[in-house]
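In structure tokens below, several structures.
The two complexes that follow have subunit A in common; it is paired with subunit B in the first and with subunit C in the second.
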Partner chain A sequence: MARKPAKANRRHPLATVVLIAIGLAFTGGGYALFTSTATAQTDTASSTSQSSVDEGKKLFAANCQTCHGMALEGTPAGPSLLGVGAASVDFQVGTGRMPLATDGPQAMQKPPQFTEEQTQALADYVASLSPGPAIPTADQLTANGNATNGGELFRINCAMCHNVAGAGGALTEGKFAPDLTGVDSKYIYEAMLTGPQNMPVFNDHNITPEDKRDIITYLKYLQNNPSPGGFELGNLGPVAEGLFIWIFGIGAVVALTVWLTAKSN
Partner chain B sequence: MSTIQRSDVPHEVVDPAFAETPKIANTPASRFTSAAANYIDERTSISAVVKEFGRKIFPDHWSFMLGEVALYSFIVILLTGTFLTFFFQASMAEVTYDGTYLPLKGIDMSAAMNSTLHISFDIRGGLLMRQVHHWAALLFVASIGLHMLRIFFTGAFRKPRELNWVIGFVLFILAMAEGFTGYSLPDDLLSGNGLRIIDGLVKGLPVIGTWTSYLLFGGEFPGTEIVGRLYTLHILLLPAILVAALGVHLLLLVINKHTQFAGPGKTNDNVVGVPIMPVFAAKAGGFFFIVFGVIVLMASFFTINPIWEYGPYDPSPISAGTQPDWYIGFADGALRLVPSNWGFMIGPWTFSLNIVAPVVVLGLFIVVVLIYPFVEGWVTGDKREHHIADRPRNAPTRTAIGAAGVTFYAVLWAAASSDLIATHFGLSIEGVIRSLQILLIVGPIIAYQAAKRVSLALQKKDREIALHGYESGRIVRLPGGEYIEVHEQLSDYERWRLLSFEDYKPLMLRPDAKGRISAGQRTRALLSNWFFEDRIAPVSATELEQSHGDHGAVEAGEGHAVESGH
Partner chain C sequence: MAHDASSGKDTAATSSGLDVGSVGTAIEPSTVGHAEADGGLAVITTDTFTNPGLPPTRMRATDLDPKKARNAQRAVYTLFYLSIAGSIFALAAYMAFPISDDLNSIRLNTVFLGLGITLALMGIGLGAVHWAKTLMSDEEGEDIRHPVRSNDATRTAAVQIFDEANKESGFGRRTLIRNSLIGALVAFPLPAVILFRGLAPEYNNPAALLETTMWKTGTRLTLDPSGLPVKASDVTIGSAFHIIPEGLNDVPDRLEQKAKAAVLLMRVNVADLTISPGRETWNYDGIVAYSKICTHVGCPVALFEQQTHHLLCPCHQSTFDVNNECAVIFGPAKRPLPQLPITVDGEGYLIAQSDFTQPVGPSFWERS
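And now, the complex of A and B:
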């Protein structure tokens, strides 16, 4: 601080501002590049297809802005979409959860209303207005990671809502964690990244992209390797087993006792 | 039949269909058999036992075989359990899994979990044995439950069988204890969470809770002791008590003789059915293999307790849909239904009513079921022996109490799956819990009233049929122009079933020797009144005579021609 007046004479008045800006851009950009390919992805996606952004803007104006606002700022009917990123749009619109059909405890999955191109356009448009997590690339989704690590992470972070086998579970007030069987890897990844509905966000610091891939690997392992014990009864645990024994086990045994004690007429 | 003298113990009558004794051929083989039998008998005097036991009569009714189902599933459990002990290690020592199941490779777990995975994936037939063991356990407790309901609703717990009811009930509790200890052995995530709930339950008991928990777990939960301790209980102590109690249960069954439903030739003083040797033994032996077969079929096609999905126990994670096996469900349900904010503090001590209340309610429920035969005996003042099983409708109040009890249990049981009810029917879990809370109180009352009304209505219908026969649907015009519907009379055989039940009346309030009426007597009279104030008296001989007189009149007239017309 003591040397500042002496140096100030040699510099342009805006030099400090520019320097700080360059420094910020450098560290921020480097940081973003280093920690998450996602942000970099946003940049390329938004810069490559201006036409897609324009298309998305029209779709957004026609289908989304009533609730989410003209400038994504949100209204009492819907949250702000600033910073949610392309991944969030792709998840919500791609799985049919958005646009909402009805108000309810949570948005329900349904057949998507938009084609893949239209979904991409919406995602591009939302991402073009403010940066956010990007749609994962194909190599982040390959289910060839470490299933052991994925299984352990899944049990610690996901099973309390989604059940150990990903069969889903109840939350409060009619909300629920959906069944993960058969869900596209891309949507699993995006859900972890953006935390849709009541799900917490598992960002790349919390669960790294490699860990996310491992979790997807584990879920796909469960899906592709049927239980060695036979039919899984929905993977719902002891309730399904209890129902089964009372309906089919006891049912069969009682039918047999009736048969054994039946007298020929 | 009325001429047969009453005796304390009913005599046994072989169903005529099975009465012939097989002729013995004098072949070398039969000579060897008789010589061998003689050899054994001269040294053990076993012939008396065989004579007594082998000639024991079993009446034929499907519901009398439910207890057998329990017995046979228990044998299946013993057989498969023995196999499992060969490979299971009841130790919580930490090892690293290196077996066949890929997604657990390299994970640290207890030796118990490791050996259970080893049984499941690397021992030939191990997974099948585990699944047979577990499915058989579920069937075991379920069939005991059903067997108890049969005993309850037919009044087969009345004198002289009250003690056998108590022993049977102890067997039921032991079966649940066996189930719970077994469920906890693999040390997977599900069983660990189950133990954690029990630990919380124990710790919630005032004053003694914390110390009891430390005692059970050998220190802070989960510790490194519990699996070994539960294993000892599961394979040594509990089965030993269970087998002993089962022996007494069966012995009393032989001594008391079997109950039977009323029917022609079946009285309170005899038992009509097939003898153990040879008919029943053959049937029962076959039935054992059928039950075994059903269990093995289930076990080969349906996964049960996939511990490889749950992973090793770790106190931090828990799975959605974590439930106990069905028979502990009612206790889990009670914990879910109790308002979670019940409790208070006195000074530094917390009294968690949200734990204590369910424990007390369930304890009371269990005690009421346990002592019910004595309560009913006292209320009705009935000291007679009963060997004829009641049809549930003929004891409306008992049937209503049973229905209320079943509803109470069922609501608690359903509450244990509140989360799955919510997700699968698109409801909110709070709504499900609240509805079940209301249903827990209101449900038994509705069930009580409905069952009682239905029983009385059925009794009325029986009475109508016994007196006037079935409405045949044939309308006949008499010569005088009158239309009547022809009622078809029952045969005496059919009518017997409808007539033979006992008539009870509320107890009279009588002063004792000192001329006083005690409070106990008043309560008893009150309860007796509640038990029997609504009743349909069985058709008396006079009424029957009279009704036949009526019909006789019609039949003697033109009706007679009609009767002969079909």
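And now, the complex of A and C:
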């Protein structure tokens, strides 16, 4: 007999698979438990600045220093954070780009890994060690500026990467400028101020705080007003529009031609 | 029957010629059966077939069933009525959704006016085609082409008219008048040649215009579009400033000048720069200025990646390395972007040391 009876096996054929699954579950569960306890202790973040800085220091040590170094000096795995300021931390952590999930062309936006208080604590800690751009105040973010001026500045400084309607666009080697629709005014402001990742810095000498407010006004205007030209097709320009007309426009022409030349039954 | 009356005789001729060898020659003296045809070298097809004529007319459902014909008729006039409704809808939409200062009103106006006009035209078009396909007779028939040549009497009369006109006007006889008229007609279009030439640039040498820009020694670098000068201390590492020459907003040919003189100013770590001999003083503490006009076909190259120091052209993905004097590292561009030599003046503002040392933008015929 080519086939042995099942009882001859000491172990069930699926035993190895089950064992690996149990091992993985233990490791993953243990890791999740450990990390949640590490962040759970920060839930009592105080509102006072010094305790916030202390809280931020703990969070930084637990979550950031592997790559960014004990004293923010940076390592081969991550850049120095000296001088990046609170605005940079608030942008990177607040939009979920940091902590980095995987190595890749650029850090992807994902659900934030920290609460607002924890993000604030991290920002306070980083800002306490070296000067840098601060988180914009609420009155800098009111989208009630001059949309016309904002539009002109956006077209000169931003549109080549982010698209004239802020729909985003491709860069080199897998990087891209993200879609700006629906992005919080605070993060737009912080991105201009700090130049996250490959975006250039647009400091207050280049684009003044009033100009930044105008640009935000323009973006919010675009977002809140439908395009006067009808369907935007994602505002992606000739690619999306060409695809649409090739499929639906020429498709309709072909269908009409078939109908015109077919004999009636 | 439309086919040539002699073709039947051709068939008869070949079928009577039983000599197999003679079939392939195709050209044979017409000895058999070609009584009225010219006996020249006619090509005789040996394998003609008889014209099968038109296939029998296929009856459509609407031809056979009067109920279906009535339905088709209803569909056609419904489409035409729909077209009328569409036209009225378009008229109403024009009045109901006027274009105001609000941009959204343009959208409503266009959409509803367009829908109405589409319905009006599509109704007529679809109705007409449906009418033709289902109700109009589709029996196929033949119309024999009539000869184009007029009969001899008409032709003679036409020649007489021309002769008479020539005689009465003296066009053929009074050659001085005729020749001067021809001369006048030849001379008449000449002013147009000058006028059309006047539409072209009046400069004698367009190449000279392409070789220089507005930048001169000491011209301040100013922000686009405000025209405010830029201090070297304002340009932090990783910054990208969109720069125009000082005074650009005041010149009458602003856009023409901007198209040549636009500059992208960036600051990178000075230690990262690779500088070739002769360019040591062209940057100021890591602040570099490069022409924004792509050397491929002249798109504005401004997609600066501050970490990789790549400068990407959005049109055809030419990529330039800012650290390495904007050398081409990818894409169809053939030359690096020209660098603008810069320094600072006594007040700390960035100024140009000179114009670009080579023509900016894409190649042109006279470019050395």
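By definition in this document, the second predicted complex is superposed on the first by the 205 of 265 C-alpha atoms of A that agree within 3 Å, B and C clash if a C-alpha of one lies under 4 Å from a C-alpha of the other, contacts with A are read in each partner's own complex, and residues count from 1 in each chain.
The criterion applied here is as follows: a residue touches a chain if its C-beta (ideal position, glycine included) is under 8 Å from a C-beta of that chain, and two chains touch if they have at least 3 such contacts.
Everything numeric in this text was worked out from a predicted model, so none of it was measured.
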{"item": "Touching partner for A:100 - first (subunit B), second (subunit C), both, neither", "value": "neither"}
{"item": "Contacts of A:202 with subunit B and subunit C, given as first, second, both or neither", "value": "second"}
{"item": "First, second, both or neither for A:82, with subunit B first and subunit C second", "value": "neither"}
{"item": "Which of subunit B and subunit C A:67 touches, first, second, both or neither", "value": "neither"}
{"item": "Residues of subunit A touched, compared between subunit B and subunit C (which is higher)", "value": "B"}
{"item": "Touching partner for A:169 - first (subunit B), second (subunit C), both, neither", "value": "both"}
{"item": "A:161 touches, of subunit B and subunit C: first, second, both or neither?", "value": "both"}
{"item": "Partner chain in contact with A:59 - subunit B first, subunit C second, else both or neither", "value": "neither"}
{"item": "Partner chain in contact with A:129 - subunit B first, subunit C second, else both or neither", "value": "neither"}
{"item": "Subunit B and subunit C contact sites that coincide on subunit A, given as residue numbers", "value": "152, 156, 160-161, 169, 171-173, 177, 227-230, 260, 263"}
{"item": "Complex interface listing, subunit B residues touching subunit A", "value": "60-66, 69, 102-107, 120-121, 127, 131, 135, 138-139, 142-143, 146, 189-190, 283, 286-287, 290-291, 294-295, 298, 300-306, 309-311, 314, 316-326, 329, 416-420, 422-423, 426-431"}
{"item": "Subunit B-touching residues of subunit A, taken from the complex the two chains share", "value": "105, 147-148, 150-152, 155-156, 159-165, 167-174, 176-177, 218, 221-222, 227-233, 235-239, 241-242, 244-246, 248-250, 252-254, 256-258, 260-261, 263"}
{"item": "Footprint of subunit A on subunit C - complex, ascending", "value": "58, 60-62, 103-104, 106-107, 110-111, 129, 133-134, 138, 223-225, 230-231, 234-242, 266, 300, 302-308, 310, 312, 314, 317, 319, 330"}
{"item": "Footprint of subunit C on subunit A - complex, ascending", "value": "152-153, 156-157, 160-161, 169, 171-173, 175, 177, 195, 197-203, 205-206, 225-230, 259-260, 263-265"}
